[in-house]
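Two complexes follow with chain A in common, the first pairing it with chain B and the second with chain C.
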Partner chain A sequence: MMDITIGQFFPGDSIIHRMDPRTKILFTMLYMIVIFLVNNFAGFAVIFLFILAVIVSSRVPVKYYFKGLKTILILMLFTALFNLFLTPGNTIYTLPYLGWTISDSGIRFAAFMLFRLTFLLIGTSALTFTTSPVVLTDGLEYLMRPFSKIGVPAHEIAMMMTIALRFIPTFAEETDRIKKAQSARGADFESGSILKRAKAMVPILVPLFVGAFRRADDLAIAMEARCYRGGEGRTSLKQLSFSYADIYGLASAAIILTAVIICNIYSHF
Partner chain B sequence: MNKLTGNTRKLVMTAMLSAVATVLMFVDFSVPFMPNYIKMDISELPALIASFSMGPAAGVAVCLIKNLANLFRSQTGGIGELCNFFLGICFVLPAGLVYKMNKTKKGALTGCLVGAVSMAALSLPLNYFFIYPIYSKFMSMEAIIKSYQIIFPKVNSLFECLLIFNVPFTFIKGLLVAILTFALYKKIAPVIHGKG
Partner chain C sequence: MIEVKNVSYVYSAGTPFEVKALDDVSFTIGEGEFIGLIGHTGSGKSTLVNIISGIVKPTSGQVLIDNIDITNQKSVTRALKGKIGLVFQYPEYQLFEETVYKDIAFGPKNIGVPDSEIDDRVKEALKTVGLSEDILNKSPFELSGGQKRRVAIAGILSMKPKILILDEPTAGLDPGGRDEILGRIKELHSDYSITVILVSHSMEDVAKICEKVIVMSQGKILKYSYLDEVFKDSEELRENGLSVPEITTIMQKLKSLGLDVRDDIFRIEDAKEEILKILKGGEDQ
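Let's turn to the complex of A and B:
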């Protein structure tokens, strides 16, 4: 079975879960910018404390955060090794036989990049752990609304997003089933050149697409029967609203930004 | 069934194709001769089909939704998704526009080729000026180039790496999607137009 989990929502009632999705999205964007602004290890110490606070207050088990990192462990090790061996600087150690060199700046750079990547991923997964994809989409719709004046179809994008999120698991399951059915009839997907393997995809793709279009027709009829007529004047059952949790969020955003800027200017570590 | 006002159906169709595209992102072939963070997938296929059947805007929408959905489980903090989104547009927008002007088999073929060429050509400036500078925030430029040199020792600048590896790779990806579209389109066209 293909492992497709869109979003990694961990239901809960922590202060971070209760924050408005708009706050969390904007906060995450700011956080990503801050991560790139950090230029020394003191800055990362600040980020570390902050992330620790987020992990604890999100009440999502720490192992989930590490599970997210595990999927890209190989990429991270690969990157770290490349940075370690291939960054020019004062050589402090040469590997016997291979002649690869480790320099002082290589060690510094590899550690620095490892921190940056780790903190970026933990921070962004904090958003998806505490916010369900549908709520996130709601938040995105609100945030995109100002752009609808310049022709961005905010409501349509959010609606398509919601429908897609609903059907991704369905199609994943269907793809799996079709693949098994064709394999049972002797289809071979694993061998041959790229072209051959791509051609072998056709017997999977045709039923997949036809199924998707049938479902689209059914859903479109169901929506029209319920008088769906686009975003104009549409109201929603759950209104987004800001609460005291968002004030904490805002305050901590201001603090972390200031702290990182101070570290950038005054720390030389 | 055909009494539907079209708009809702188009919206839902685009959404469904985006869902299929997201699923297809997981069915990727890993490709020999490329650094391992570059993968071949055929998730542009639903976007191209949307672009042909419902207009270029629908194709762009599929690219957008597919990458937004993938953002929830991104392993690159959104950079890979951003890159995929822009390249997807470079492919489906010209292809859809060409086909819109000339709705014949020849038009579709020209559209696919123009799309594949434009995606491959535009991937160069996009990667060079935008994506790789962001990657270099995680990996030194020397390391990126070295990772290409392991495969082909003669390259010695990022520009050469991109020209020798990424551009042909992107072009082949475009061609692959085009071939699949031709193999599929006739079979699924009746269902798209509500006659299935």
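Let's turn to the complex of A and C:
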């Protein structure tokens, strides 16, 4: 029923899958910064080639990356339109009747924004497609550990994320089940005014929340029964370790960063 | 009458996770019959009842209820709502209203029953499931598990369905609660002569109250016949991950040990008589 492509994990054994989650998280953060540093088309060409290499080597079908893009399509269009019309510069076209103007730098910024959002989403999808949620939060916990000195509950945050991710499919399934059960009692979710349809959600939301609290209770008891007591002195079953895949990752990070800086300095396109 | 014609259903078609839940299934259920639908987990039982009640559309094939094709138009399925009552697994998780009364009245209201009639329907449904009217003003969330289950079933019965489908109505209940629910369903069937389909993987439950059984395995109908006919071939059932009722196993063992008893017995009372007959017969000689 629900199409949750963002954040979905595709098991596999590609070089990207084998990378350490910490490398991938740091890499993704660096990648995000680089995307917003780029200020010319040559730089975007470098990023395009790089992300293409990532997609191919992740061995996750390309269509799943595009499916993720579809979900933010409206956001992308709006951002592009705003940039197109609201950026000051040399006017090259004026919309009849409305008087809105399109400038040369408007076109440039709109294109940049589109590229940035597209590359951003594909890049972060590459992270979640190739890293299982559990491993991902392990990596996050490790990276957040230095901050626990200033009172950030690194382990607890990571645990909450793991649990939240774990329950997304469960609740999607439960919503589907409740929806069917209520429509078997003649409930109608599809017709009527917005207000009527919003009211029709009550028979779904109440059982869903009741179920969520019940599950939270059960889970808490199950964790207590297995002597869970937070992050203090806790060790992992699976130790994170760096491998040659991470060296490739770091090397390519250095190359892409250098290439983008060179583009920023020398390219005027 | 329910006619299922060449119905197939495929989950997640076109992805690597494609599963064929139903594979070209056809059968007919007559008016007023009491059918047990059994099969192990994942055999397609739940998918089949969802399709029969018009909630899920089949990938291909037709379902006719009293000669109306419910797989076609939306308006037809809406008209059928109320005519087919589907009690889901763990139906107590669908309760949501502030009071038991409002929850039971939710179904009839949705299908357009006039307000003047709703009150009678709620009380009648509550009586049918064996609960007293004291609880009508309570919140459904403060009831016990068994009571919640019965309120949820009453919420379906208040729509006065002509066909009642129950998906594992006894799952998670203690033996007392199980017998109570099964007894009520049996009464309902004989009092109102409605068609009942009971989905279960408990052979004991099915043997206790059904007339005919549909056995499903891997999305196909393995057998569809009267109880004695189905339980006769216990080997085939076992191969498909199902068992025959314990009492049938006992009778079959007795026979293989050389006692001259019938081995197609599936109710304890019949078994008692059969064994007594043999014992008395022995005295006469």
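The rule we apply is simple: the second predicted complex is superposed on the first by the 197 of 269 C-alpha atoms of A that agree within 3 Å, B and C clash if a C-alpha of one lies under 4 Å from a C-alpha of the other, contacts with A are read in each partner's own complex, and residues count from 1 in each chain.
One rule holds for everything that comes next: contacts are C-beta pairs under 8 Å (C-beta built on N, C-alpha and C of every residue); 3 or more make two chains touch, one makes a residue touch a chain.
All values derive from a computational prediction rather than experimental measurement.
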item: Partner chain(s) touched by A:I72 [first = chain B, second = chain C, both, neither]; value: first
item: Touching partner for A:T87 - first (chain B), second (chain C), both, neither; value: first
item: Greater residue coverage of chain A in the superposed arrangement, chain B or chain C; value: B
item: Touched partner set for A:I33, first chain B, second chain C, both or neither; value: neither
item: Touched partner set for A:L52, first chain B, second chain C, both or neither; value: neither
item: Contacts of A:L95 with chain B and chain C, given as first, second, both or neither; value: neither
item: First (chain B), second (chain C), both or neither touched by A:V202; value: both
item: First, second, both or neither for A:A251, with chain B first and chain C second; value: neither
item: Contacts of A:V210 with chain B and chain C, given as first, second, both or neither; value: both
item: Residues of chain A that lie at the interface with chain B and also at the interface with chain C; value: 202, 206, 210
item: Touching residues (chain side chain A, partner chain B) in the complex; value: 2, 4-8, 32, 36, 71-72, 75, 78-79, 82-83, 86-88, 109, 113, 116-117, 120-121, 124, 128, 133, 136, 140, 156-157, 159-161, 163-168, 170-172, 175, 194-195, 197-199, 201-202, 205-206, 208-210, 212-217, 219-221, 223-224, 228, 230
item: Residues of chain B that touch chain A when the two form their complex; value: 1, 4-5, 7-9, 11-20, 22-23, 26-27, 29, 31, 36-37, 40, 42, 45-46, 49, 61, 64-66, 68-69, 72-75, 77-78, 137-140, 142-144, 146-147, 172, 176, 179-180, 183-184, 187-188, 191-192, 194, 196
item: Contacting residues of chain C [partner chain A, same complex]; value: 50, 53, 55-56, 78, 81-82, 85-86, 88, 91, 93-96, 106-107, 109-111, 141, 155-156, 159
item: Residues of chain A that touch chain C when the two form their complex; value: 177-178, 180-188, 202-203, 206-207, 210-211
